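One chain, subunit A, appears in both complexes that follow, with subunit B as partner in the first and subunit C in the second.
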Partner chain A sequence: MIKKFLASLKIGLKSAVIYRFHFYVGLVTAPLTLLIYYYLWKSIYGFSGQTIINGFSFELLVSYYAINTIVAWIVYSEVDEWFERNILNGELTVDLIIPIHLFPYYFLIHQGFNIFCLVVETLPFLFIATMVFNIQLPGVGMILAFIVGLLLALLLNFMIAYLVGLGAFWLKRITGMRRAKNTIVMFLAGGILPLSFFPIWFQKISEFLPFQYIRNSIINIWLYPQSLVELLKIYFMQLFWIGIFWLIISFVWKKASKKFSGVGV
Partner chain B sequence: MTQNIIEVKNLKKMYKTHEREPGLINAAKSIFKRNYRIDYALRGINLSINKGEIVGFIGPNGAGKSTTIKILSGILYPDEGEVNVLGFVPWKERVKYVQNIGVVFGQKTQLWWDLPAIDTFELNKDLYKIPKEVFKRRLKFMMKVMNVERVIKKPVRDLSLGERMKCQTIAALLHKPKLVFLDEPTIGLDVVAKERYRNFILETNERFGTTFLITTHDMQDVEKLCKRVIIINHGKIVYDGPLKEIKEKYMTTKILDVKFDGKPVGFKCKGCIVLKRGRCGLKIKVDLSKKKIRDVIDYLIGEFEVLDINIQDTPIEEIIQKIYQEKND
Partner chain C sequence: MRNYFTLLRKSFEMELSSELAYKWNFIIKSVALVLLSIVTPLVTLLIYSNTSGIPGWGFEEFILFQGTIILVLGVGRFCMLEFPARVIQNIRKGEFEKFLTKPFDPLLYLTFSSVQIEGLAEIATGLALVAWSFIKLNLSIISIGFLLYIFLIILAILFVYSFMILISALAFLFVDSWALFDLFFRFTDLARYPTSVYGAGVRFFITFIFPLAILGNYPAEALTKGISLGLILEIIIPVIIFFIISLFLWKWAMKKYTSAGG
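After this line comes the complex of A and B, so read on.
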C-alpha cells in the first residue's frame, strides 16, 4: 500500500519538474501581488489615520497576506479540473484500469506537485517575505502546530475540489461551477480579507463552516500564539469536516462511477 | 485442461444520450426541453472464454465491442446480466480485480503524456507490486521483442503512434496478467511492426498461457492470431466459432482494385462483379467459389494494360450479412 502511494507521489513530482517554468512564474507574480496589497493598505491606514483596523496593525495585516499566499499555495488543488478534463475526453478510463483507488491516486499525484512547489516556490517566497516585508517567524511550537493545521487544511481543500470534480460525471462541463467554488472558498476562507473584518454574526456562522479552517484559522496560528484548547478546537473542526466530506464523497462516488460511460474509447 | 476465465450471461447495457436537431433555434429549444434517446449498446450477450485462448472480437463500428471490453475490464457498470472474470465481478472490487488483467486501448494512452515511457513502467512496477528483478528481466525482454529500446527515454508526446502503442502494450503486460484485453492494438503500426507485435502476442500466449481478447478491424490480425472469432453486431453476438469456418463459409469473395493505363474496355469474366467503374480503374468482386483469384489476375494482365492491383479481403459487414442470410434461410 505504502509503495503504491509513494509511487503516485513520485510520478506527480516527476511531472511537476517538467512544468517547472509554471512554478517559476508564480515566484515572480506572488511578491508583486503582495506589494500591491502592501501599498493599498498603506494608503488606507494613512488616510484613516488609525494604527489599528479591526485588530490589525499595518505590519500584522501585511504578514497576514504573506502567510495567506503560502497557505494558498500549499493547500492548492485543481483536482476538479482533472475530473472535468478526463471525463470530457474519456481519459478517466485509463486511470480506472490500474490497481489503486482514484482518491489516493489523485491526492498523491497532487502532493507530488505540491512538494515541488514547496521547494521552488513557497520556501523562496517565504525567504523573500521575511527579508523584504519583514515577516516574523513564530516559535518552534507554533510552527509545528501550523504545519499540522496546514496538512489537515490541505486534505480538506482537496476533498472540496474532489467533490466538485465528481459533479462532472453528471454535468460534463463544470468550468462555471469550479470558478464559483474557487471564489466562494477564497472569500469564506479569508483569502481576500481576514474574517475579523466581517460582522460578528458572520464570523459566528463561519466558525461552523469548513472554509475558514482552510486558510484563516491556519494563518492565525502563525500570527498569534494559540492556547492548546484553541489549537485543538481548530483541529477538531478540520477533522470533523474531513469526516463529513469523506462520507459525502464515498456516497457520491458510488453513484458517479455507475454514471461513467467512458466516451471515445 | 480447459478452464473458463470469462463467463458472461445475458449482458445488457444502454446509453441515454440527448440529441437535438441542428441550428441555433433548436439549440435554444434544447435549453428548456431535451430529447433523450436510449441506445442499446449491448442487447444480451453470452460468451465464455477458456484459459489460454486468443479470441478475436470483431464487428463494425458501434457494434458494442468496446462497451463489452470496458465492462469486462471493470470500468463500466452494465444494466443487466452476470459477468464472472477470473472469479471476480469486474465492476465490484475494481482495484483487486485489475491487478490480474492488462488492458490496452488503442485510442487512449495509459502512458504519462509528458514523461518518458520508462516513468510509467516504473510507476506500474510499484502499483502492481512487481519485484525489481522480475521487472528488469521482463522489461528487457519486451523492449527487445518490440524494438523500442531507443524510444523509452523520450517524452511520450514525441513518440509516433506506433511507438506509443508498443510502449503501451509493454506497460499493460509488465505484471504478467493472466488475461489481456487489446482494443484495436495495431492502429498506427507499419507492416513490419505489426508482424513483430503479433509474434509478441503469440509468444506471450505460448510461454505464459496468457489469454487474449482482441478487437480489431484488421482481418490480418485475426488470421494470424486467433483460432476463435466472435462477431458482434448491433449489440448481439452473431457468430462465435472457429476462424476456419468463417474463412471457408463466408470469406468467399475478394475485392480487386485495379488501375489501368487508359480506359478498360470489354472486361468480362465469369464469377466477377464490377462494383465501381472509374475512368482508369475497376473495382471487382471475385467469387472465389467460382473463380480462382489467380485466374482473374492472369486474365487481367493478359488482356489489359494493368498498372496496379490491390487485393482486399471480404469486408466484415459482408460477412455479417451472409451470416444473417444463412440464419434466415
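After this line comes the complex of A and C, so read on.
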C-alpha cells in the first residue's frame, strides 16, 4: 500500500515539475499582491490615525496577508477541476481502475504538487516576506501547532473541493460550482480580510462553519500565541468538519460511482 | 466591417447554445460571477465600517471606482479573453494556420469570433454598482465629466484589448503562455485600488509604463473630482503607445510563425 501511495505522490511531483513555470509566476506575483495590501493598509492606517484596528497593528495585518498567501498555497486544491475534466474526456475510467481508491490517489497527487510548491514557492516567499516585510516567526511550539492546523486545513479544503468535484458526475460541467465554492471559501475563510473585520454576529456564526478553520484560525496560530484550550478547540472543529465531510463524501460517492458511464467505454 | 459584426453575432449565438447545453452549470456560473463581483464592494463596506476608509475616496466614490473596474474587466471577459486563449490552444496543436486561410484579417477574425458569455454577469454587476453610486453621489449624465468618463472607459477597454493582443503575440514565442494570463490578472490587482494609496514609483509605473490606472482610477476620478486636460493627455499617450506596441508585436509574431510541422 505504501508503494502505491508513494507512486501517487511521485505522479503529483512529476506533474508539478512539468507546470513549474506557473509556480515561478506565483513567486513573482505573490510579493506583488502583498505589496498592494501593504500600500493599501498603510494609507488606511495613516488616514484613520489608528494604530490598532480590530486587534491588528499595521505590521501584524501585513503579516496576516503574508501568512495567508502561504496557507492559501498549501491548502489549495483543484481536485474539483480534475473531476470535471476527467469526466468530460472520459479519462476518469483510467483513474477508476487504478488499484487505489480515488480519494487517497487524488489527495496524494495533490501532495506531490504541494511538496514542489513548498520548495519552489512557499519557502522562498517566506524568506522574501521575512526580509522585505519583516514578518516575525513564532516560537518552535507555535510553528508545530501551526503545521498541525495547516495539515488538517489542507485535508478539510481538499474534501470540500472533492465533494464539489463529485457534482460533475451529475452536471458534467461544474465551472460554476467551482467558482462559487472558491469565492465562498476565500471570503468566509478570511482570505481577503481577517474575520475580526466582520460583524460580531457573523463571527459567532462563523465559529460553527468550516471555513475559518481553513485559513483565518490557522493564520492566527502563527500571529498570536494560543493557549492549549484554544488550539484544541481549533483542531476539534477541524476534525469535526473532516468527519462530516467524510460522511457526505462516502454517501455521495456511492451514488456517483453508480451514475458514471465513461466516454467511449 | 459588416461581415465582422455578423461573425460576432454568430459567435455569440454559438457560445450561448454551447453554454446552454450545460444549463445548470450556466446558471450556477452566472450566480457565482455575480457573487464574486459582489464580494469586492462587500469588502469595501467592511473596510469603511471599520476604518475611515481610503484617503480621498468616500464610500460611494470608491464603489463607483470598483464598479468601473468590474465593468471594464467584464467587457474584457465578454469579448476579449477568449481570443488569446484560442491563439494559445491552436498554436500548441499546430492548427493556427486555419485562421490564416480565412478571408478575414486573423486578428480581427479572432477578435470578433471570440465571445465569453459569462462576462455579461460582470458587466451587469459593474453597471449596477456604477448606477447605484451615480444616484448616491447625485451625478449627472449630462456633463463634461460623464463624457470624459465614457471616453476613458473606452480607452480602458482598448488597454485590455492591447494586453490580450500582447499575450497572443507572446504565445508564438513561449510555450507556457497560460502563465501570462495569471500575470495579467495579478497585475490588474494593482488597479483595484486608487493610485493615491501607492508610493510615487508604483503610481508612475501604473500610469505611464503599464497604464493599469486607466481601468478604474482615472475614469472615476474624471467623474467625481475632475481632471485637467494635461493629465488626460498624459493618460491617453501611454495607452495608445501600448496599443501600437502590441499590434507591432502581433504582426512580428505572425511573420515568425512557422506552424508545428513547418
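Here are some notes:
Note that in this section the second predicted complex is superposed on the first by the 264 of 265 C-alpha atoms of A that agree within 3 Å, B and C clash if a C-alpha of one lies under 4 Å from a C-alpha of the other, contacts with A are read in each partner's own complex, and residues count from 1 in each chain.
Keep in mind that, in the parts below, a contact is a pair of C-beta atoms (placed from the backbone, for glycine too) under 8 Å apart; a residue touches a chain by one contact, two chains touch by 3 or more.
What you see is a predicted model, and the numbers here were worked out from it, not measured in a lab.
Under the clash rule set out above, the superposition-derived model of subunit A with subunit B and subunit C shows the two partners fitting side by side.
Of the two partner chains placed around the shared chain by superposition, subunit B is the only one that A:Ile11 touches, whereas subunit C remains out of contact.
Touch criterion met: A:Thr93 reaches subunit B, while subunit C stays clear of it. Contact with neither subunit B nor subunit C is seen for A:Trp201 once the two complexes are overlaid on the shared chain. With both structures placed on the common chain, the touch criterion links A:Arg173 to subunit C but leaves subunit B unconnected. Of the two partners subunit B and subunit C, it is C that touches the larger number of subunit A residues. Here the smallest spacing between CA atoms of subunit B and those of subunit C, following superposition, is 6 Å. Subunit A residues 19 lie at the interface with subunit B in one structure and with subunit C in the other. Contact residues on subunit A toward subunit B in their complex (touch as defined above): 3-4, 6-8, 10-11, 14-15, 18-19, 90-91, 93-94, 96-101, 257-258, 260-262, 264-265.
On the subunit C side of its complex with subunit A, the touching residues are 22, 24-33, 35-36, 39, 42-43, 46-47, 50-55, 176, 178-179, 182-183, 186-187, 189-190, 192-193, 196-199, 202. Of all residues in subunit B, only 15, 66, 70, 73-77, 91, 94-96, 98-99, 101, 103, 105, 107-110, 112, 114-115, 119-120, 122-129, 155, 183 touch subunit A in the complex they form.
Of all residues in subunit A, only 19, 21-22, 24-26, 28-29, 32-33, 35-36, 39-40, 42-50, 53-54, 171-177, 179-180, 183-184, 187, 192-193, 197-198 touch subunit C in the complex they form.
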